[in-house]
Amino acid sequence: MNYPRFVRITRVVRENRNVKSIFFPFESSIDPGQFFMITIPGIDEIPMSVSRILDKEVSITFRKVGDATERLFGMREGDIIGIRGPLGNGFRIEGDRILFVAGGTGIASIAPAVDLAKELGKDIIVVIGARTREDLFFLERMKKIGKLMVVTDDGSAGRKGLASDVAKEIIESNKVDQVITCGPEMMMKKILDLCRERSVDFQASVERYIKCGLGLCGQCCIGEGLRVCIEGPVFDGDTLARCADFGHYQRDSSGRRVYLKDG
Amino acid sequence: MNYPRFVRITRVVRENRNVKSIFFPFESSIDPGQFFMITIPGIDEIPMSVSRILDKEVSITFRKVGDATERLFGMREGDIIGIRGPLGNGFRIEGDRILFVAGGTGIASIAPAVDLAKELGKDIIVVIGARTREDLFFLERMKKIGKLMVVTDDGSAGRKGLASDVAKEIIESNKVDQVITCGPEMMMKKILDLCRERSVDFQASVERYIKCGLGLCGQCCIGEGLRVCIEGPVFDGDTLARCADFGHYQRDSSGRRVYLKDG
Amino acid sequence: MLEIEISGLRLRNPTMLASGVMGECSGSLIRAYRSGAGAVVTKSIGLEPREGYPNPTAVEIECGILNSMGLPNPGIDEFGEEMREVVELEIPVIGSIFAGDAESFSILAKRMQGYGACAIELNLSCPHARGYGLEIGTDPDLVRGIVKEVKRSVSIPVFSKISANVADIVEIGKAVEEGGGDGIVAINSVKAMKIDLSTKKPILFNRFGGYSGRGIKPIGVRCVYELASEIEIPIIGAGGVEKGEDAIEYILAGAKAVQVGSAIFYRGIDVFRKICKEMEEWMERNGYSSIEDFRGLALK
Amino acid sequence: MLEIEISGLRLRNPTMLASGVMGECSGSLIRAYRSGAGAVVTKSIGLEPREGYPNPTAVEIECGILNSMGLPNPGIDEFGEEMREVVELEIPVIGSIFAGDAESFSILAKRMQGYGACAIELNLSCPHARGYGLEIGTDPDLVRGIVKEVKRSVSIPVFSKISANVADIVEIGKAVEEGGGDGIVAINSVKAMKIDLSTKKPILFNRFGGYSGRGIKPIGVRCVYELASEIEIPIIGAGGVEKGEDAIEYILAGAKAVQVGSAIFYRGIDVFRKICKEMEEWMERNGYSSIEDFRGLALK
């Protein structure tokens, strides 16, 4: 039943000043890249990628950006949230050398895929970009797995610059079979274009406004009616290349087009 | 789904001037004693015991008594009827020497139980009672199986008298472990009393007005709310002995009590 | 922990046998009570005997039951005998009645009271009988008038069973309250149809029927919630109560009790005992010791 | 063999994408058409953009879907771009609109006609938005007036989508007919509620929602049958159409076409193609070569 099940939070971990992880019990199988709809009773229900897949537990990891995430941020062990899912599809690991590129909280969505790639014995490079040092998280976790490169807009940690610039260098050095990315759409779009030029396998986890999570309301559509909540959130390069709106505009909760600023 | 399934009649057999059997395809398992609700579209839906259980086919056998049975009587191979069932419970064969007592069309309901007793290697006596010679049917079929005794009110075939009188003699001779009966309720009541006196196992297939066949409408109840369509139509002696209404009154389709005439 | 009090009636638990389900004779009413029901409601009884419609009168459909019995009943005169046999066992039996006008309702109510009914249930909502039920129960003025008249005629509580087949159920509920009614039963079965693809005709003889069972629960719960938000008199929920959780859902919506009909098909006649057990288990898990502890919580 | 003609529109088959389901943007409308729908209906569009209600706005329940989106839509101005992208592919797209009064309905209808819609669908039946939908669609006079006004404003066919949440759906259907409407869509989702036992509160943010899917099919079929018995203008059936057999049931009840919404959840977006295939198979088994061969047979 695609219906919220209410569970008790088992653990809360603070990842940085604005980011926390919330753990809850979950036993069925989940693919890295899938997400849950998280109900904060009386406030909202919002999509959150699974950020850790443990034995009998999973976590979501989120940044405080508004009403619902603010409330989640204040929650503690024992508090109750609704979970609906896992929804959507997952990442597919392809080839031997995988480049992961995360911008902002995007690392939350791809971290389980990095775990999986590691399990499969792949060569892994992870690029994490953030505005500033204090927005970074999951660094220790990633460092243990593969080659980690950190980029910040202000140079307060790692290289100064954009994650997409670092990604570009790596892709152009012909050292990767596949790129997996999650972050600001303009960043993902730039990386998509790079991968298309060089025929590198590409997958991105895309964000759209999610309402029903049932594939009905159509709110989350991209391209020719592809539903982020069903056919996504992970799309491959071929598919996204056909989506005229990808990297161009998203839709707000009324369905109006909101054009992306180049950034 | 307890919902009519419409099937084509595969064969019609005339059993006597007023009785016919209609065959239709049916593959699931059926217990002797169970019944079907038979829909005659636009006319009525009526209960009919299964009268033959074949490999991929069953039959019902009925007397023309009113609207619906009249219409059924006129039906031919290829015509369509609705079937809902099998409903209710079945007979349970107990002991080694079984006496079957049928009055009127009652033989239709118990014939499959006679078949079963034969299969189980029991000693079988079948008593068939009818008003007159021309109301008899299934004689050949029964003759092949066990000892058959025919009784008619007017002596036009077999002994003259009542089936219950013949049954009485046999029961009193202590030659039977179990009596299975179907026919006029007063006849069954008499036999029940005989069996109770002598502690002979007893089972009867009881008729009540059947509407829903779902155990809901309550139309078919006997005793303390026993539903002929669910807990019946077969009841054992202990149960019927506790039903103050058995052999006393039935209910018409409005639920009014209709007292039985001794006869 | 399940005892309740509703309009002065004290019941051992909040489950009731719904009207029209195993309620036409004393035996089945007694059996339902012995199977755990807190109270039993009779089949809807009229002034005269009625045979009801020819079969098929009821079928199972995908999410419930569709029936069009046509209000068969032995008539109020003959029903006395059935009532006597139930009442002498001190079983709380609610007399359901149907009629075409206020006066006939009053006559029936008085007879039922005379027979020893612990309360009256006015059927203002049967979805498939011409001139009765729904045809009366959609007009607030008629409803108010009938309730008033019946209240004048009897001293036992008078419940009104109403339908979801209206634009605004609260309007009807208010009419009941204004008429002085002691409670509301919501909902009756919902007007519906099943067309058979083999015969290409409606499957029920009467074509239209009443839809009951799990498929109507979301409608019933909504109706009870709407009523409970705006009305003071007690509400008895009905429609798709199969499990303890369904009963709890209705009670969270504000119902004081629930009625159970179609679930007897799905879970047997001892569904009452099963539902009560499931309710108790849930209450224990949630730390509640009485129905009132959680009744109406969804309204807050 | 599935082609139909309805109010002058020729469609390749009688299945339509129901309003509000994958109908908010050009991409999803195009996809539904490419997945086999005979026509597509847009999300209901209003004069101004609306965000709709906060989540949860939709959940799966036992026999269907419960939703309370709250009529989110980009507003008629911005919707032009979506329409353009659909219309330029020559896809028959029906513009669904909602408003609070006849004048606003007319303005919206004219805009939709301007955008190239092949027909208008008036949403007179949304069960959960204040001041719109059902709150208008239960008053025959309002309905008649709105239909009349819209008919005066546009030359394309005008369908009215009505609700089962009324005492007498035929009365509303007749009002549509009297207003000069070209067809009726029945039914919208049914007002309902689900209360969650963990939170003890209604699960939807807006508390009330619309119930759709298989659980409402018996109600939808009944409504279409009632309407078809008394009304001349074409009827489009909706509510729980999941399989070819469901579509056939509506057509036997008199519908000329059917709309499909919730079934996309159960069977995927290519449910249109699946339903069409199942219909064809049934027609072949039954020796029918066109929809009109069996349409309305249950009424006879």
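The first chain written gets the first letter, and so on, giving A, B, C and D; residue counts start at 1 in each chain.
The rule is short, and it goes like this: contacts are C-beta pairs under 8 Å (C-beta built on N, C-alpha and C of every residue); 3 or more make two chains touch, one makes a residue touch a chain.
On a predicted model such as this, the values are computed, not experimentally measured, just so you know.
Undergrad: Most remote chain relative to chain C, going by C-alpha centroids?
TA: Between chain C and the rest, the longest centre separation is with A.
Undergrad: Please work out the Cα centroid separation of chain A and chain D, and write it as a whole number of Å.
TA: Using C-alpha averages as centres, the distance is 36 Å.
Undergrad: Round to the nearest whole Å and give the separation of the Cα centres of chain C and chain D.
TA: Centres of chain C and chain D (C-alpha means) sit 33 Å apart.
Undergrad: Rounded to the nearest whole Å, what is the centre-to-centre distance of chain A and chain B, using the mean of the C-alpha atoms as each centre?
TA: About 70 Å separates the centre of chain A from that of chain B.
Undergrad: Spell out, as numbers or ranges, the residues of chain B touching 2 or more other chains.
TA: There are none in chain B.
Undergrad: Mind pulling the residue numbers of chain C that touch at least two other chains?
TA: As it turns out, chain C has residues touching two or more other chains at 61-62, 201.
Undergrad: What kind of graph do the touching chains make: line, ring, star, complete, other?
TA: line
Undergrad: Run through the chains and report each pair that touches.
TA: Touch list across chains, by label: A-D, B-C, C-D.
Undergrad: Okay, in this complex, where on chain B does chain C touch?
TA: Of all residues in chain B, those touching chain C are 1-6, 37, 39, 41-46, 80, 82, 84, 210-219, 221-227, 245, 251-257.
Undergrad: Taking the complex as given, what residues does chain D use to touch chain C?
TA: 61-64, 66, 134, 138, 165-168, 190-195, 197, 200-202, 207-208, 211, 214-219, 221-222, 225, 245, 248-249, 252-253, 282, 294, 297-298
Undergrad: Enumerate the contact residues on chain D facing chain A in the complex.
TA: 20-25, 27-32, 34, 43, 49-52, 54-62, 65, 67, 69, 72-75, 78, 81, 196, 198-199, 201, 203, 205, 261-262, 264-265, 269
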